[in-house]
Amino acid sequence: MQKIKVTIWNEFRHEKNDLPVKAIYPAGMHRAIADGIAAEDLEIRLASLDEPEQGLPDALLASTDVLFWWGHRFHAEVADALVEKIQRRVLGGMGLVALHSSHMSKIFRALMGTSCTLICRVAGERERLWTVDPSHPIAAGIGRCIELEREEMYGERFDIPDDGHLIFNSWFEGGEVFRSGVAFQRGLGRIFYFAPGHEEYPTYFHADILRVLGNAARWAAPVLPPQELRCEKVPPREQLGRAR
Amino acid sequence: MQKIKVTIWNEFRHEKNDLPVKAIYPAGMHRAIADGIAAEDLEIRLASLDEPEQGLPDALLASTDVLFWWGHRFHAEVADALVEKIQRRVLGGMGLVALHSSHMSKIFRALMGTSCTLICRVAGERERLWTVDPSHPIAAGIGRCIELEREEMYGERFDIPDDGHLIFNSWFEGGEVFRSGVAFQRGLGRIFYFAPGHEEYPTYFHADILRVLGNAARWAAPVLPPQELRCEKVPPREQLGRAR
Amino acid sequence: MQKIKVTIWNEFRHEKNDLPVKAIYPAGMHRAIADGIAAEDLEIRLASLDEPEQGLPDALLASTDVLFWWGHRFHAEVADALVEKIQRRVLGGMGLVALHSSHMSKIFRALMGTSCTLICRVAGERERLWTVDPSHPIAAGIGRCIELEREEMYGERFDIPDDGHLIFNSWFEGGEVFRSGVAFQRGLGRIFYFAPGHEEYPTYFHADILRVLGNAARWAAPVLPPQELRCEKVPPREQLGRAR
Amino acid sequence: MQKIKVTIWNEFRHEKNDLPVKAIYPAGMHRAIADGIAAEDLEIRLASLDEPEQGLPDALLASTDVLFWWGHRFHAEVADALVEKIQRRVLGGMGLVALHSSHMSKIFRALMGTSCTLICRVAGERERLWTVDPSHPIAAGIGRCIELEREEMYGERFDIPDDGHLIFNSWFEGGEVFRSGVAFQRGLGRIFYFAPGHEEYPTYFHADILRVLGNAARWAAPVLPPQELRCEKVPPREQLGRAR
């Protein structure tokens, strides 16, 4: 069996610098996700912002089938050249799973074309993710809803394009709603945006959240070998200039 | 100015038979809507189930630009032949505004092709409709959200096709969410499904709800003269059988 | 391995009554398709209009994962009750592959909600199906386009809903274009409409066409056990009536 | 009446440097379009690459309701900072009509997120644009198809996102097809991509092409005052921390 090569990229700064976050995720959220979705068919590598080449040297990127991305405070530090390389890989077939605050990451916004803005609040409130498409592979094994005791509120209006296939639609205790699990295709690549995952809460230890992430890794895996999309001049297939 | 001919169809039985409903809507919900959206550019006619030809004789249907539909308990009584006529009119360009329990009406289900099922609860709870597309004509004049003190809960999963353009996404006090304002196109006709409007609450007197309904009447009005869609055999526009 | 149970339904009258058709498909188009897509992971059953219960007794329908449908002249003969049963099965998860003239079949139109009308011409002309989504599983193994020397022309405007995911877009020698391979979801079921397949041409012996059909059988197979979609009354998950 | 402020931006170099192009469009394609769509309700301004601030100083951009864009050979020269400003304006509500080779312009690609690649050929061949949505305002007054005697071929696969609403689908003499008229929404802004318009052919004098462009100007005009989309922290609307 060919394993799916998953690379989980994380800013990995909160977990080193903020004590309460460190207490929950001492080895980083990327490590918690890697442990939580570990399976025979996945080969998981970790990457983070302060590593050489911002964690994504060409060889690693080129061998990645699905890239998970968790960014928050330091979107601006990610090099534009790296963002362009990632975008080209996604358009050529690589999967992308954009997590939580990554809605404002350079790579997600580049792929959406929109502002990806929303309203938000950190108040440790209840979130309930309702399954809108139970037949989607990403929702496999998830019941009618996922309940999180404490999450950051992300609310509408979420500025994303209209072709997002809605898989989860969230309710928040404070009164808002949010399209919290949305699937896209860009070029030949599949993209899944999944909203939960504020660094101060143990979201990435929640069984259902991990199940969704594991499902997403498999769903987003490319079906074709990597492609480079290019314009191409072609000869006609029919004779031109004939009478009618 | 050519007025938009709006016909508001209502079962109009709750308001005659249930005292609490009658107290709120003594002349029927259709009348409350008609009064609430009355404007110079709209010519509004009322119709109901117990009238001759179930309220929609051919001449009235043929001269309707936009049909509002409120049905609930008596969907099954609406004649299949009438439903077919309405569907043909919508495909030919007539607008349809399907209200509240009309998600299970024959006409809405025929146009969607899906089961249109959902989860529900009548408990007089708070609903908040968040505006997802503030630039849509149907949301004109509506702020970030509409708040209703008491409504029936309609919750996900709402079984509708994926091409619904989401305009309102609802939060409910009891913990659910619902795509409560959704726009579709079928054939040449525009369709707007709008969830609020349980008969026991004064929803159709709420200024924002009425504003949405007035906007919907204008948005759903046909842009072309009525069409009859047919398959057609056509001659070739290019010479066939030439070499390549 | 659990095999995918494919039932190929065909009117199977042209092949018995029209000599030129019989010459191409002596055992029926359904048999040609079955032979052409035969594989270890598919269990294929044949069904046709003139068999008892119009070929689809309840037990067969209930055990079908993916239903192929070829209809043309005799759509009107298919019993409404059977159409309703098939629709309920699709909404509950069964796949449907609608072939050629089945665009006007009762079952396809019931699931689309539109008129499904188009323009057409039988003139034995060249068709070229361009692959619009090479990353879709249905296009696996297909190159830039499929070329058919002789097909019936189906042309725009094709009246289908806007959520059809376009996989193939066709060119015709006589000057028309057509969205010839389109994927939909209705309820929990997947639907693929595939235009080629006029009875007078040997389309169902073409390697690429058969490859698409085999891909479609696997893509449309349900991911969940069959469901019956119903509205449901539910209790609140949060306490109602609290102050704000 | 408030006029719609249309700014037509053009590279305007072919028309100065290539004699055959100059012969057709001595004052530039932007001038031909401006003359061709001139109407009481439109206030049209011209802009081009070699003017100060690449033709789009802040004041002009800020007062533009709908921006037309024709670019081809010199996409790379357009300043990234200008592209960002235009994108922000589109997301805030400004309309964009992207013409012909502008499929590869920085601004169109930034808004799509995809590669926008295609196949192409300049051979002076026949193109026929079939109307796929006759009820769309952009197709108003257009019949079943538009026929151009000579155009550049643009063919599938066109790498654009799936939410493009298809209005025109093109046939080419040489054997290809292309989604040649596609409408998008990004943020609060409307975008129309329209493929015809190779500089060596008199496409922008064709009555139907001009009618589509005039329709597009009106359709893409903003419905709201310009907005700046931002993330925003908000207080809860419901009391948090209550028991269930």
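Quick notes on this structure:
Each chain gets a letter, A, B, C and D, in the order it is written, and its residues are counted from 1.
By definition in this document, a residue touches a chain if its C-beta (ideal position, glycine included) is under 8 Å from a C-beta of that chain, and two chains touch if they have at least 3 such contacts.
Bear in mind that the values here come from a model prediction, so they are computed numbers and not experimental data.
Among the remaining chains, those touching subunit A and also subunit D are B, C. The chain with its CA mean position farthest from that of subunit C is D. Inter-chain spacing, taken between the CA centroids of subunit B and subunit C, is 30 Å.
If you average the Cα atoms of subunit A and of subunit B, the two centres end up 36 Å apart.
Shown for subunit A are the residues in touch with two or more other chains, namely 128, 133-134, 155, 162, 173, 175-176, 185, 237-238.
Against subunit C, in their complex, subunit B makes its touches with residues 87, 91, 104, 110-115, 117-121, 123-125, 153, 155, 159, 161-163, 173-176, 184-187, 229-238, 240-241.
Contacts from subunit A toward subunit C in the complex involve residues 93, 128, 133-135, 137, 140, 173, 185, 188-189, 222-224, 237-238.
Looking at the complex, you find that subunit B touches subunit A at residues 128, 130-134, 144, 155-158, 162, 165-166, 169-172, 175-177, 179, 237-239, 242-244.
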